[in-house]
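Letters are used for the chains, namely A, B, C, D, E and F, taken in the order the chains are written, and counting of residues starts over at 1 for each.
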Amino acid sequence: MAAKMLLVVATLIALVASLSHVHAFDPSPLQDFCVADPTSKVRVNGVACKGPAAVVPEDFFFAGVDKPGGTESKRYGFTAKAVPIPGLNTLGASHARVDVPRGAVFPPHIHPRASETAVVLEGSVYFGFVSSYPDNKLFAKVLRKGDVFAVPQGLVHFLYNNGTAPAALYATLSSQNPGLVLLADALFAGALPDDLLAKTLLTDDATIEKIRAKFRPS
Amino acid sequence: MAAKMLLVVATLIALVASLSHVHAFDPSPLQDFCVADPTSKVRVNGVACKGPAAVVPEDFFFAGVDKPGGTESKRYGFTAKAVPIPGLNTLGASHARVDVPRGAVFPPHIHPRASETAVVLEGSVYFGFVSSYPDNKLFAKVLRKGDVFAVPQGLVHFLYNNGTAPAALYATLSSQNPGLVLLADALFAGALPDDLLAKTLLTDDATIEKIRAKFRPS
Amino acid sequence: MAAKMLLVVATLIALVASLSHVHAFDPSPLQDFCVADPTSKVRVNGVACKGPAAVVPEDFFFAGVDKPGGTESKRYGFTAKAVPIPGLNTLGASHARVDVPRGAVFPPHIHPRASETAVVLEGSVYFGFVSSYPDNKLFAKVLRKGDVFAVPQGLVHFLYNNGTAPAALYATLSSQNPGLVLLADALFAGALPDDLLAKTLLTDDATIEKIRAKFRPS
Amino acid sequence: MAAKMLLVVATLIALVASLSHVHAFDPSPLQDFCVADPTSKVRVNGVACKGPAAVVPEDFFFAGVDKPGGTESKRYGFTAKAVPIPGLNTLGASHARVDVPRGAVFPPHIHPRASETAVVLEGSVYFGFVSSYPDNKLFAKVLRKGDVFAVPQGLVHFLYNNGTAPAALYATLSSQNPGLVLLADALFAGALPDDLLAKTLLTDDATIEKIRAKFRPS
Amino acid sequence: MAAKMLLVVATLIALVASLSHVHAFDPSPLQDFCVADPTSKVRVNGVACKGPAAVVPEDFFFAGVDKPGGTESKRYGFTAKAVPIPGLNTLGASHARVDVPRGAVFPPHIHPRASETAVVLEGSVYFGFVSSYPDNKLFAKVLRKGDVFAVPQGLVHFLYNNGTAPAALYATLSSQNPGLVLLADALFAGALPDDLLAKTLLTDDATIEKIRAKFRPS
Amino acid sequence: MAAKMLLVVATLIALVASLSHVHAFDPSPLQDFCVADPTSKVRVNGVACKGPAAVVPEDFFFAGVDKPGGTESKRYGFTAKAVPIPGLNTLGASHARVDVPRGAVFPPHIHPRASETAVVLEGSVYFGFVSSYPDNKLFAKVLRKGDVFAVPQGLVHFLYNNGTAPAALYATLSSQNPGLVLLADALFAGALPDDLLAKTLLTDDATIEKIRAKFRPS
């Protein structure tokens, strides 16, 4: 299950990657390192560790943040590359690179278990977060190469490349498994009833059905 | 600012109230009690305390969970009543009562800083949460009087009274200030650009504008 | 052992139930959910998780808080019903319903690992806590239906139905396994020597022996 | 209030001192040191800090653990000496020395916010703790010079010098302000009603009144 | 003092910057944001917050990670640029950019309150950490552009540009104020007695004096 | 691996023992006790527990702090004796006794995961810590029997017996596995390249090689 978990972590991070996060609230480590063991059958809060004697420098290493890659989101256009470092298990951090072509978005989302920061590696992007109810106040900036922006834990944030060149960012999240909730997917890609969604968006079932059609797996 | 914060807390809780939450990760107390001081000018992580000698039993007390009341949401139809107990400052908990008339919803939302549980006091309600990306799996049940349901920290959850009688719930949240993010309000009530929203919902600007009109303060 | 632990948790909560608790200091979750696995042989801090694929809505659900039931305390007269929700594992919360007949008590006790809150469902009850040494100050109120009271972590608290009708409460505790220490049982039901108890209560061995006789398993 | 708090801490520790405690769950420090400022008027969770420039080695120092002293408990016979080190603020620890004459006790008590350990400096003492409900199992040993015993957070523990020589211990507690709850004082020295106590100890009001008389301030 | 603290944080981060860190153990936030208030006179664990109404997007923003700058270490040759984002207060994270010319080092050091990760922006560098006693095992790699390396909390790590081009890295630390301990400076730049240092390095006073001379402020 | 870990813990503590430490940030316990199980094959953050039914008073007990013993450091002259109490698993504490002959040192070191305090049992010793960069300010005192000194988490501290009699201390550390980093060993006993060390100590390779020779295993 540690292996599955690792895959999930990787996928999550990959799709999280358009914003770099730093959240700071995982439990503290109780040894120098507890490197995630993909072969362990033990299921606990977090991931079991491989034997200390088997730990190597590569367990703390990843290459490729300088190049695009990873999973492309057909729905939204961004591409995300996870930074799956098994040595980060118990250290309360994860990272990712995300690439956003012109006109693409990393749509509004939250991380259930982390804060985040992002630094722009290339291009420019409109990045921001929304404060909680009842203000729903927007804190946003157009970021350019070398700019950093921070997002508090659990708040809705987004990335929109409305510029003229592709954008790339490096993200930091403050959990080894921050989780990702894409607002639109949570609403339309799952099994929420149409009438609940209509009441949620203050609209009619037809409009909901029209939007939902686009979220059906093709 | 403690007073302001308390009001914010109260408002948040009031509108949170259709789900009871228990989240468990505020910093630990360093004294028997640190009762929130509404007159303090000190701004810190959390709320400053009143003098221990001034603390009275009423600081740990609230009356009225057995009756509806509090703030009604014109948008969604539910009414929520905060349980503002100053003695809960530093104890990592807050509560609320929520009433949901027939056909009303407490729409999909998350709490940036808490898990939650809810117990049904009256009536029946469809209650559930959605797991994080990429599964967006729905975990939901129709709850009746005396039923309890739990929601993990930061996940999207909702309340829908599709029954034949008014429903009331008692909510517990695992922070003195869990925060509330209503997904639809975060998307449409704030200042997010229409074209970002169109790309987020995979639809056209006209549909976005049509929905957004309903979220404009009248 | 997870199964055993769960039973212990249930029992603890059942007997804890005359006060609802919210304590907020369990370690944070590192995944959407880590539903307690009663079949796991793994013994760790907390409880091991079942496989995510096997998780169902029922893992977050409990029915019956609206009705009395559970374990009756022959010694003190209250009846307590646990709310054993496996999905609360790693979420830092637990709940219980407690019923207290006229004249019965949930005697002075503490929770080693939690704060608490309680809301009165039916009837009325005298509820309070005692601050720590050297003040031993009583913070107490007669609670009626719909009243809520909070108790800081680790402080002595009690429930006494000196009213004219049966009382029922719904309790929240801020740990998945708060633990329960009944002061009188800790003193008299275990193996503490009589002369230590005499020096503790500033009385003679005969008085201790007379009290202790009542705590012997009949 | 920081000053008051410090006094309270000192008093608590002084009377806690017959058991050394290590509890491990205060919030983490956010700077090299936050030395408690006895002159601050700011009331927060914990104690405000003095200016870093004013910090001196003496802020981390205490002398006198090798000699008896401090506050004597007329009720129970032990003498306790606090180790009030302002530099321990935010470090999650406190210490004390306790002296127990022949036949004296540090009666059953708990610490709401700490675990503990104790090492015996001189003499011998019967030391133990009681597990939580429903087992109330006694874990105890006669400790001699150089012996160490540990007590988990929030469990009832005691110290009884039934030996032939005076005993002295050095205690460590895992909070800067662990708190102390003496079971007998919480029951009889405060304002709990006699009939509640009678139902708690399964005895009659006359016996309660007889015991209580000894706990009245003379 | 918040202002002073911020300066210290900035300086620390600036000199920390040759390694990016993620440590995950600051206390959790109790509100959407607690933006550091440089004008506050309140001294607490961490930094006091400015009024929520005064918070602006710039409080979460920093520009210039794409360019060298900041403080140059005359002793070791690296240049570090802090990323002082006031909005990171209570979020448990900080960042920095560091530039290391050919042949320069960021010498062995630890962070008392953080883990870290670093990503290489330009050039190549030999980066590693040493496990704790008794192994003192080296985990190191030559990092090139786009490579990431992680360092567990509190372990000794270093950066050595033994390549042919200047190197630049972006660092993440898991505290808003991780602290920096440069091993050589802690030994030789302070007031440790020569004979203690001689016994520490298993050498003679003359060698210590010869080394120490280089650490005297010129 | 639990057994190995326990050995590591014991060794670490043994060599840590010249300073008593209290650090306070391990995750909280989720049961009365989770006594370390030396036979468990499960590798998690911390150590797996033995079955509650198998727990005995001896699991919380250690004898021998009153006498020297344990491991002698040939390099530095001190002798350290661990206090391996399996019941301290999950309680965030560990202890040790250390003996320092005349002229011997416990050289400058840090604990990656703990604060500490020490009390002097016999003799006198020069004890202190160094604040973090850029101050490197020394906070030190000559301690005599009964004196206590505290060291904040992760700061460099040392012990030097420059007195006329052997010294013994009792140490408390605020983690079940604080870790130990001896600065000189981290620099010279491992595999750091000579030229890096020369640049670190601002000296030449010959001086480094001369020092390093003394750290080679004979």
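Simple rule for what comes next: a residue touches a chain if its C-beta (ideal position, glycine included) is under 8 Å from a C-beta of that chain, and two chains touch if they have at least 3 such contacts.
Predicted model, so just to flag it, every value in this text is computed and none were measured.
Chain by chain, through touching neighbours only, how many steps does the shortest route from chain B to chain D take?
Each step joins two touching chains, and the minimum needed here is 1.
Starting from the mean Cα coordinates of chain A and chain E, work out the distance between those two points in Å.
Computed value for the inter-centroid distance: 26 Å.
Which whole number of Å gives the spacing of the CA centres of chain D and chain E?
So the centre of chain D lies 39 Å away from the centre of chain E.
Roughly how far is chain C from chain D, going centre to centre by Cα mean, in whole Å?
24
Take the average of all CA coordinates in chain C, do the same for chain E, and state the distance between these two points in whole angstrom.
46
At which residue positions does chain F touch at least two other chains?
Each of 25-29, 32, 42, 44, 46, 112-113, 132, 152-153, 155, 175, 179 in chain F touches at least two other chains.
Once the touch criterion is applied, which pairs of chains come out as touching?
A-B, A-C, A-E, A-F, B-C, B-D, B-E, C-D, C-F, D-E, D-F, E-F
Please output the residues of chain D touching chain B within their complex, sorted ascending.
Within the complex, chain D contacts chain B at residues 1, 4-5, 8, 25-27, 42-47, 112-113, 175-177, 179.
Under the touch definition given earlier, write down the residues of chain F that touch chain D in their complex.
Touching chain D: residues 22-26, 28-29, 32-33, 55-58, 60-67, 83, 85, 87-88, 91-93, 95, 115, 117, 119-120, 128-129, 131-132, 139-141, 144-153, 155, 170, 172, 174-175 of chain F.
Touching chain E in the complex: which residues of chain F?
Against chain E, the touching part of chain F is residues 11-12, 15, 25, 75-76, 103-105, 107-113, 126, 130, 132-134, 136-138, 152-156, 158, 160, 162, 179-193, 195-196, 199-203, 207, 210-211, 214-215.
Write out the stretch or stretches of chain D touching chain E in their complex.
On the chain D side, the touching residues are 27-32, 34, 37, 40, 42, 44, 46, 48-52, 90.
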